[in-house]
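Look at the two complexes coming up: chain A is in both, with chain B in one and chain C in the other.
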Partner chain A sequence: MTQSAAAKAGRPHAVWAIPGVLFFAFFAVAPMILALYLSFTAWNGLGDPKPVGLANWQKLVHDDRLTQSLTVTVLLTVTSWAFQTVVSLLLGVWAAGRQRNRAVLSAIFFVPFLLSSTAIALLFYALLDPNFGVIHQDTLGSTSGAFLAIVFVGGWQFIPFHTLIYQGGARQIPEVLYQAAAIDGAGRYRQFFSITLPQLRNTATTSSVLMIVGSLTYFETVLILTQGGPGTDTAILPYLMYEAGFKSYDFGYASAIATFLVVTATALSLVLVRLTGFGAMRSTREGM
Partner chain B sequence: MEPNTSNGGRTFSRRWVLGAGATTLLTTGLTACGSSDSTGGSGTVTAFVYGDDATKVQVKAVTRFNASAAAKTAKGKIKLEKVPGTDYPAKLRTAMGSPNAPDVFFNWGGGSIKAYQEANQLVDLTDTIKSDPVLKDGFLPSVLAAGALKGKNYGIPMRGMQPVILFYNKSVFAAHKLQPPTTWAELLDINKKLKAANITPFALGGADIWPELMWLEYLVDRIGGPDVFDKIKNGDASGWGDPAVLKAAETVKELIDDGAFGKGFSSVSYVNGGAPAVFAKGKAAMHLMGSWEYSTQLGKFPDFAKTNLGWFAFPKYEGGAGDIRNVVGNPTNYWSVNARTGNKDAAIAFLRDCASEAYAKDLVANGDIPTTSNAEKLLDSSPNPEFAKFQYQMVQQAPAFTLSWDQAVDPDVSTPMLTEINKLFVGKSSPSQFVSALKGLK
Partner chain C sequence: MSHDTLPRPVTSAEEPVEPPHTRRRRHWTRRPNPVAGLGSLLWLAVVIVPIYAMISASLTRQDKALGNNALKPPTDPTFANYNTVLHNGFGHFLANTALVAAAVVGIVLVLCVPLAYVAVRTRTVWSGAAFRLFLLGVAIPAQAVVVPLYLMIAKLDLYDSLLAVILPTAAFAMPVSVLILTGTLRDISEDLYEAMALDGASATRMLFQLVIPMAKGGISTVVIYTALQAWNGFLFPLIFTQSDGPRVLTLGLFNYVSQFGVNIPALLASVVLSGIPIFAVYLVARRALVGGLMGVGGK
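For the complex of A and B:
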């Protein structure tokens, strides 16, 4: 296509969006509306849902388990974010170097991300068995042990992905900045904190939003490793929703939890984007 | 194109996109509705079964039935679908609300089918059983009754008896000169000796929670008798306030604090083979488990199962109201028939096979004890006749058979109940907090 032909084609026509819009409408919007509707009904999965007004929402507001699981969810999200960001930032910047061994190691680092969450959780479940595993301790039976196990397993799985994002981000930083800094006498640490970190601002936002929204919908690992236990100490919101829906067959209440989760996650990612200035898309090359 | 018109054009397109989207959704929705009554008419009868090692008995039954004259008369064949174990209840619930509902399905009777009965999704088999001598006289009456709801039969027994039994490791007991206990005091004495020898008294798959439940089921029965849970099962949550429940919870707490289950029990699972391995390898001396422990051990540690696996009844609690012969567990599993089935004749003809001697023989060969009236004479051909007879007599002579609590109550009660039991076992709640939390369950 010549340049003039490309210009004539103009911006993509809205029709092009049909497959995407349909897919999104059918698999995301429609189920969300259905869940919102179900949250105002009592339904055990059989027969027709019966409207019950605000009963499920009142139950949600007064449910001690919701407060507790919200606390666990927030703690898990913050801890996972801190753990994953620090490790993947350092690994990503390191991997952005261009020596051959780094490429090989980066490829190996990426392997955990290719495994399914269920396989990873089952693997760690076997490793953590107090009698036949590698650590002869009641890790999953203690509150802090179970919590840290979930943070670690989640990190082990997703750090490779975020490392890749940071690696890409770090490779975009113009070499001239480092050369100029070196001339001015900045050492490696000064270069990292004054050039690399600020330049990775947008990368960090993208990665953080993915991590935080990801942590809110974290599920398989909890289901397999702890089933929300010991007691209810690792029963995060998605697990509470699963338990209400597929163990108690209270689909109305499960839908209320699901709706709450969608609203919270959406609000949180909007706030994050706003706070970090990601929406304004300020260039990291300002002043260059 | 001029900027202005292109703008207008785009608005139009957007509306068009939305319209097209809505139309497609509607059409897809209508097509989906149109296919929803495909269960009717077809001759094939789908049967959902809990997918474990024991399904080979059902596979044989299906083959036998499909080749039989009864299948020809009813113009139907059975198609067996094995649903992986842990997903079974959820998969069944989803399927029963969908166009792909099974015609016949495996269940635990009691609370596990109550919701289906209330939604009019079950075929009432009471009259069928009454008018059919094969079904009426084929099963132990108490087992048939245990699958009933409000006096009406919705299930035909289709697996072995599953009483909960205390198993022990004979070589560990012999090495420390111990005898199976018959009273609680004797059991505590054995615990002391085992701990002194650095052996965990009991294996426990606490990660699954239901093995923890078994302790409470037996303790409440031995301390307060079977009436305590009967009251709860019938929907009276105040029954949790019975002193026997508190006493049982306190007894459990003493056992845990005493180290009777070892330290890591809440990370150990039964389902993945953790607890059976601890027991078979002699790290723990005893294991409170359903009768299926025998076939589990036979599969995983055959030498242990054949030579060193012993069993005895849960001991008597001094001063308690419960008879030592009382049993808890699952009487058996049942087949129920979906009211929407397209071929009820074939479904019922298939269920009759469960009362046949061929079916009972297959169960016995699998190490199970049939609940059919002809079972006793077949037990000699069991892989372990001694264990088979112990189990059969245990159930035969039991003054009361309490159905596992999590199967006896509604799922919306059993889920929080199991959570509370887990909290008690991991020390997240005290016995009195446990009782008050359970009283709050509706």
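For the complex of A and C:
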């Protein structure tokens, strides 16, 4: 492709990108490689790591807690995704309408997102306290109660954000589509399933990727609400890693879990990107 | 984008339904949708009840809190719990958090704006590779690298300092920031660059006179997104700091749990206090905040 002299002039030199790339490489990419190295060592946080070959990985393969943790992580991710997608899709499409009451309600709906994960976890820790809270029973002491509490608290925090994404998406749908459908005699529900849902598929992809990657980071919620309990029933992978490293001081084993987590998360993201064409997010002009 | 979020006072749903096609309004506002309306009220309760219970309990005297139903309004409201929290380092934690947020936003903008500019305007193998690095970077969970970062921070002699929190937080805010900025920069018309090039403008001048002014929307989204990330950060402060000196707000809250023990009203007062700064920003800059975040989803 030939370009005019004018189009070539004044383009920034690629060197401009180097500081950012180096910074990111040092604090995010290099640690991943270091994590892989550490997974072949024994290190208790003091002194230098000592190579131990495959010991950590052999331990990992035979660790029942890992299997359980992986199951909990997957279950939690899927349940959270389903809960958050359904609620934020419906609320977002509803809020895309223009009456004043919807604007006011949307403003209130957004408030939970303003609190940090820590603050929200503490809030529900207090409200679910059997001696103090709203429900006078030991919700967090039962396996299903603890699991559902984490799903609910995660949703309470992140549904506002995803509602906003769906609201933005729904407002981009061309009005003519609905007018044409109305002329064809399509009712409200028909319009929702035949126009709104298909038109929101790119929005849904973006939102889902953020939800799934995000639910891997429910660390604060788990640490504060349940500490992985009862027993190890809500010990998601990041929590298992934290316990191995920063509670048992077995940093080599924690690195093996961390490496496993990176591989799982990356594979999951790549599958999602492939399946859904998430790369389309690169340009806001594409899609829709 | 942002003007879309303005509340437009259109006829409310309660008014008599007009015949279709007489007004150009969105199809779903033509007649009320009772199911959706009911659903939204239900969600309103889900949002409001915990917030109400939190505020009400934070005003309850500690000796009356246990065994009480948190939904009942306090009979004898008191600000004593807030006093307790404010005398336990809250202001110090808040100042640290504000410092972290400002530094993280600064670093991310200085590094990411030129990066996005290169990714959009320079077509070389290297700039493409750099962009893909950040595309993949979105998927790196911070949990996965805390152990090696812990080692690096210790070796760099940064352990238990605010820099130990600032530097990794900035790095992990970069991928999404780069994605948002490249999305915005792609929408700047080629003609504008060509017009400036004809005037003999250098790339640096274009950055300051064209790219930054035109990308204001994307930049404010990045500022908000990054500031929220830094404000809410928990894992890095938990693992990279230890003493009171560099303690940030989220960690301060977490420590109140053991400090206050069963004093749940004081704990909730600290949660309310931690939300107030962001809530104040929300009241002032709601349009920018909401409009900016709405853009994260793309189209």
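Please note the rule applied: the second predicted complex is superposed on the first by the 261 of 288 C-alpha atoms of A that agree within 3 Å, B and C clash if a C-alpha of one lies under 4 Å from a C-alpha of the other, contacts with A are read in each partner's own complex, and residues count from 1 in each chain.
The rule is short, and it goes like this: a contact is a pair of C-beta atoms (placed from the backbone, for glycine too) under 8 Å apart; a residue touches a chain by one contact, two chains touch by 3 or more.
The structure displayed is predicted, hence computed values, not measured ones.
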First, second, both or neither for A:13, with chain B first and chain C second: both
Which of chain B and chain C A:44 touches, first, second, both or neither: first
Which superposed partner A:230 touches (first chain B, second chain C, both, neither): first
Chain B versus chain C as contact partner of A:56, first or second or both or neither: neither
Partner chain in contact with A:139 - chain B first, chain C second, else both or neither: first
Partner, of chain C and chain B, that touches more residues belonging to chain A: C
First (chain B), second (chain C), both or neither touched by A:123: second
Touched partner set for A:261, first chain B, second chain C, both or neither: second
Chain B versus chain C as contact partner of A:202, first or second or both or neither: second
Chain B versus chain C as contact partner of A:246, first or second or both or neither: both
Chain C-contacting residues of chain A that also contact chain B: 10, 13-14, 17, 21, 25-26, 30, 45, 125-126, 129, 131-132, 246
Chain B - residues contacting chain A, complex: 1, 6, 10, 13-14, 16-17, 20-21, 24-25, 28, 90, 93-94, 96-97, 115-116, 118-119, 121, 206-207, 209, 263-269, 272, 274, 277-278, 283, 411-412, 415-416, 419, 422-423, 426, 428-429
Contact set on chain A toward chain C in their complex: 4, 6-7, 9-14, 16-17, 19-21, 23-32, 34-35, 38, 43, 45, 49, 87, 90-91, 93-105, 107-112, 114-119, 122-127, 129, 131-134, 156, 161, 164-169, 171-172, 175, 178-179, 181-182, 188, 191, 202-203, 206-207, 210, 213, 216-217, 219-220, 224, 237-238, 241-242, 245-246, 251, 254-255, 258-259, 261-262, 265-266, 268-270, 279-285, 287-288
In the complex, chain A residues that touch chain B: 10, 13-15, 17-18, 21-22, 25-26, 30, 44-47, 125-126, 128-132, 136-141, 227-233, 243, 246-250
